[in-house]
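Both of the next two complexes hold subunit A, though its partner changes from subunit B to subunit C.
On to the complex of A and B.
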């Protein structure tokens, strides 16, 4: 049987040996290498331009419809509260019912309302279906130039007759240039997102985890016209990065749904910025930031009236758990007569707000039929705000919800908001159930 | 026995020589083991002839199982290798030396056939290096002129893919699985590189067999952090700078979406197939697949613009298949928001 062992040796010493001169009898040939696959491929890369190349123009968007029901009459005014002077800074406690932060109602039953007036969908306390936003995004990014042009236009149909009017809103329209291949450095000019805090990063219905924005989003997530600069440097040994995002714009970051968001009348820009730190290890991602804003008030020509804000933010993501937290401190100084899109007013009192939120979400990736991902989330908001001469109002909110991602284009969200008046205003039943169905294309 | 040694050894060596796999770089047409198909024309006229033939046949069987298993191993068909070597181990009596050599290899082949990653398995070791003192030089054993009819011929499958929506048909990945029986496990490809160049993946789509290691090389003057959330092939390179390379072994079949944690506009694909019969279409949609044994197959086509792969039944005849027309849908749009490596969606227009 020695012959069998010899055959084994010959076979495993490499089949090529049969066709080549026999090796020395004592030599031990190397192990045979694995054969190459029959159908080896070098891969496919589309042409940069021309046939088969990705189009430089992309058109995306979403439609956000919902169903909401607010307790009471949807205003947060207590039914039997006849306070004199019967005025409230409505902004401070009117609850949101949709992704834009619109409230159910602002009907004050004839009472004078001081302060900011939130946009309203005008549904009062009625359970109602809502057509919140029809969004169209256009992006043009030619392969031959380090340039991108982006616009986001939103159609906001409002049918109730008692809320805000139907309108078309150009939320963003800007060009972005990345002048250096070797640097993470970008310049943008036009109308663009805020650089303050983190909530602007997912402030659209098709990207936000939940339905409604936080209680402080109205001070930080507005869009303005101007120029901005982004720079980031990676620190490889630490798996980290430090970034700087600064802007000079014609207004602060108050949102469109919080009237009036009008531009500075002084001609001086509002400066804002955020310094960020990122830790991006495979197991955990941590992002921390500090933001600041300073400039003239939006609503008047008085040079000495300023708005200023600062804030801190944190994001942690680990094993499908996402923690977002933000604190915001806003001060608007007193000024003279103010002019807004709502008209002229004899006085502009100071406004101050301090608030923040902590949101915890857990996303469970699934692949069960159409079910793509299931996310449960909870958020705690708290805000303390006051207008000069009026009682400070402190409110908080517990939000709990679930989000279901179906296929890759459909999102179903439902959440309950437990709104509480902690100080400065009578307790009123103004909790909200709201839901949203978002289809993206 | 001397006669049996000579006859069997000569014929088998001839068969091995006639197999392209042993004389040239392996090709699709060389995967079968011809020895199983060859007749053993030993005349039987006397009881001695019968004894000789019986002995020869036993040795012939041993050699066939041994060599057939080895060629199947080389071809990545671990299931066949395991089957042949396990059958060999059932022959009684079997030379203890041979059994000692083959038993661990059969076990290893069975493990690989069961899906254990090839890269984790021990490499096929060179057996005990007993000098071939009793074996004549191989050159004296071969009989190049022996008329050997090719067995298990393989053919090509070629055609054109159409569709793919605005992206066109380029980059479609076509692969075959046997409709009846087990599809051979493919050998991993070598030297596969995906470059990050100009904030793009080059190539944009790469098809590889399971077990293939792919090197991700940063050819940009900036950092990248390539990752994928495509289970079960998810990975994360971490930050790496220009000129650096990260290697990832793709052990499971499926499409793997490649993303960069720094640059939200970057995306590409590695399509991992568990079949040796695969091809990728060029920009015009043309493809050519080699080394396909005739038979019944399930054909699948993946394309990044198609929400679902195209699945068809394909009969491959002795002459192969030419002009096969396939169509992929263009119903899947590029994602509006690409996730970062924590799974959180990003708005690419922000640039960060």
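On to the complex of A and C.
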């Protein structure tokens, strides 16, 4: 049934795509012009009314086609390790193959796992083509009201080990009100992006500079349901701005494979926020931020089992060079039986993680036929984490890649992930080559 | 103390957060499923250090009336902080045995076996395997520590064949073993509980009378965990079995015999020895007396005794004094019973206390139609009781049976240690 739905939507969206006169703003890739996610855009500007006014309804989206090959069996599990749970002593998120953070495999070959897992594309160590994401965005912004309604529905075809299955995932669905014309002040309610750090801004494949998320993205880039407030004040004499983005949601900012966002399991919300500073001069852009998260962990039912996180981020753009860096500090207390979007697990253990990344990209604008831009990038990730009573593990990753922008609607990316187990975790072959072809409309 | 005291203590901390989101309608928390909690010897030691007493209980609200007293795991610490494991007695197939308790799991639907690595080497090519360094007692390398919710004393020995020139003490972590690429040979299971420093085996068990408790279990030995030296007690092989596909341990049953008081209150006492169920098939070397070696991993069940059932208790005995007052009406005695009979049947439950009217009826081999039917084995419980009253608790335990307790004609009891096969290098 889901496959039928996919076909219908593809046909429908395809027809709409032909009718789109110009690519949407969200399809403009960074780092040339850093995009803001639609729920963090600068504010509402009343549209011109009348016959020439643009339609209040827009349909955008993208298709992310991948090709990936991971070493070994596509997991981070050491084949001769029999300790339990299998996912406590390794970094299961390391062999990522796409922008969603899905990994090549999470097959533990029967060893018990306790729910510290990413989603899997199920290719193991095989080279395989993938349809990472079919994304359909609907946006409705009536000219008569300071309101915008947005939905992002994604179709995720995956091989599960026992057959194919296409998951339909409502990643975002919210309404946003901008009550004051004179202020960058927005209120949103629904399911929306994270407010923690900066990596969530790159969640979508048509926006992300590279292919895969960082090793700490699992803690900061998840969507959740709740309410959000965004406020930004411009300080023109200083060419600066200060912004505040706060939310109260079901699950905070962990990815859905770790904490289910669609219901509060504890009855209490998770608060999160980011205070940001921007310097916008003609020659250099600097953005700095500090983020925090506090509330009950939403993979279990006890309000007293807290999750706490804080982080710092920085972005600098100068002369075509883009530097992004982020540090994240996460602590989770023990709670009751665990439930994630992947299932039920017996124990939610005390957990701690510290990590971050530094990414450097250089974008060379070009006008050679269809070739609009060539970007080379590199990223260094490092993560130190431990479950109570288990050996702390330290892993890092070097990522190098290239991105080619063709026309305004096609992106080709390829990258290599060199994953290393520095301490605690057994050394395992889990490096990844992955690539992504992203069509946007 | 409940199963989740820390969680309860922290509840007040969310009050402010709740107030801030009243408009969202949050904070009306539904009943949460019970949290899993593991109590190791390290936890019990910490509870003592934190001011709890031996008469305080853990797992008090998890199906076992009264929970498990700390002193039934570790005796109250000595003035120098040293600790001794508490020895207790239970019925196993109508034989009294002595056992130790090293772990208590609460709300664990299952418990897993973990690997422990034992480096071995060959002194010469093709020669026999020996422990690294040529020692008689290896220094095993544990993979999961006692602070983990997944810690387990139930271990699978995994031999790692390392080069002969490997220095003793060079390998101290599971990561080193796995990264070394050594040939690994999984072997049998072995119960090896990590213990804190200053923990000793008990010298006696109080039945009463106090009985000397020799044991084949060696004093704590040393191993490695993540590069650090740890102490452990090796209770030997053949005390558990597991699902080879999942490493999940198979449970045996402990039956705690309970009585219903006048107001419907469920009455139980740790002074009434429990009944050990048979271990899963496949566990077992023989104990002296022909018994199969007991399982060490049990789930606690409670079984309500019929109204006619009575505990055999000599008036004025220490056992009688240990029983709570509301259980005394459920005791009985056979005047004229011999010292041997008193030693043999004290604390044992008879299906119908009327059989105590004549001491000759105490012996189960008696030909009297009114002889006692003792509920000292799983088979006897299954045969004679309506087990619809049985309740499965959320508690599982490691109970290591160490000795067979044999009564003597003079009323004394002799402890016969069960054999503990040493770990061999292959």
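Simple rule for what comes next: the second predicted complex is superposed on the first by the 351 of 441 C-alpha atoms of A that agree within 3 Å, B and C clash if a C-alpha of one lies under 4 Å from a C-alpha of the other, contacts with A are read in each partner's own complex, and residues count from 1 in each chain.
Everything that follows uses one rule, which is that a residue touches a chain if its C-beta (ideal position, glycine included) is under 8 Å from a C-beta of that chain, and two chains touch if they have at least 3 such contacts.
Values in this document were obtained by computation on a predicted structure and should not be read as measured data.
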{"item": "More subunit A residues in contact - subunit B or subunit C", "value": "B"}
{"item": "First, second, both or neither for A:150, with subunit B first and subunit C second", "value": "first"}
{"item": "Partner chain(s) touched by A:390 [first = subunit B, second = subunit C, both, neither]", "value": "second"}
{"item": "Partner chain(s) touched by A:368 [first = subunit B, second = subunit C, both, neither]", "value": "neither"}
{"item": "First, second, both or neither for A:181, with subunit B first and subunit C second", "value": "first"}
{"item": "Which superposed partner A:227 touches (first subunit B, second subunit C, both, neither)", "value": "second"}
{"item": "Contacts of A:322 with subunit B and subunit C, given as first, second, both or neither", "value": "first"}
{"item": "Shared subunit A contacts, counted only where both subunit B and subunit C touch the same residue", "value": "none"}
{"item": "Residues of subunit A touching subunit C in the complex", "value": "78, 80-85, 88, 110-112, 114, 226-227, 248, 264, 266-269, 271, 294-296, 300-306, 333-337, 346-347, 349, 387-391, 423-427"}
{"item": "In the complex with subunit A, residue positions of subunit C that touch it", "value": "4, 6-11, 13-14, 17-18, 20-21, 24, 26-30, 32-36, 108-110, 112-115, 143-151, 156, 158, 173-175, 178-179, 184, 186, 226, 245-248"}
{"item": "Touching residues (chain side subunit B, partner subunit A) in the complex", "value": "5, 9, 13, 16-17, 19, 21-28, 59, 62-63, 66-67, 70-71, 74-76, 95, 97-98, 101-102, 123-135, 137-139, 141-142, 166-168, 170-171, 186-190, 194, 198, 200, 202-209, 220-223, 225, 227, 231, 236, 238-241, 261-262, 265, 276-283, 289-291, 332-337, 340-352"}
{"item": "Subunit A residues touching subunit B - in the complex, by the definition given at the top", "value": "1-13, 15-19, 21-22, 25-26, 28-32, 34-47, 51-52, 54-55, 58, 60, 62, 137, 139, 141, 148, 150, 176, 178, 181-184, 186, 188, 193, 201-202, 204, 206-207, 230, 232, 234, 236, 239, 241, 243, 280-282, 285, 317-318, 320, 322, 363, 365, 408, 440-441"}
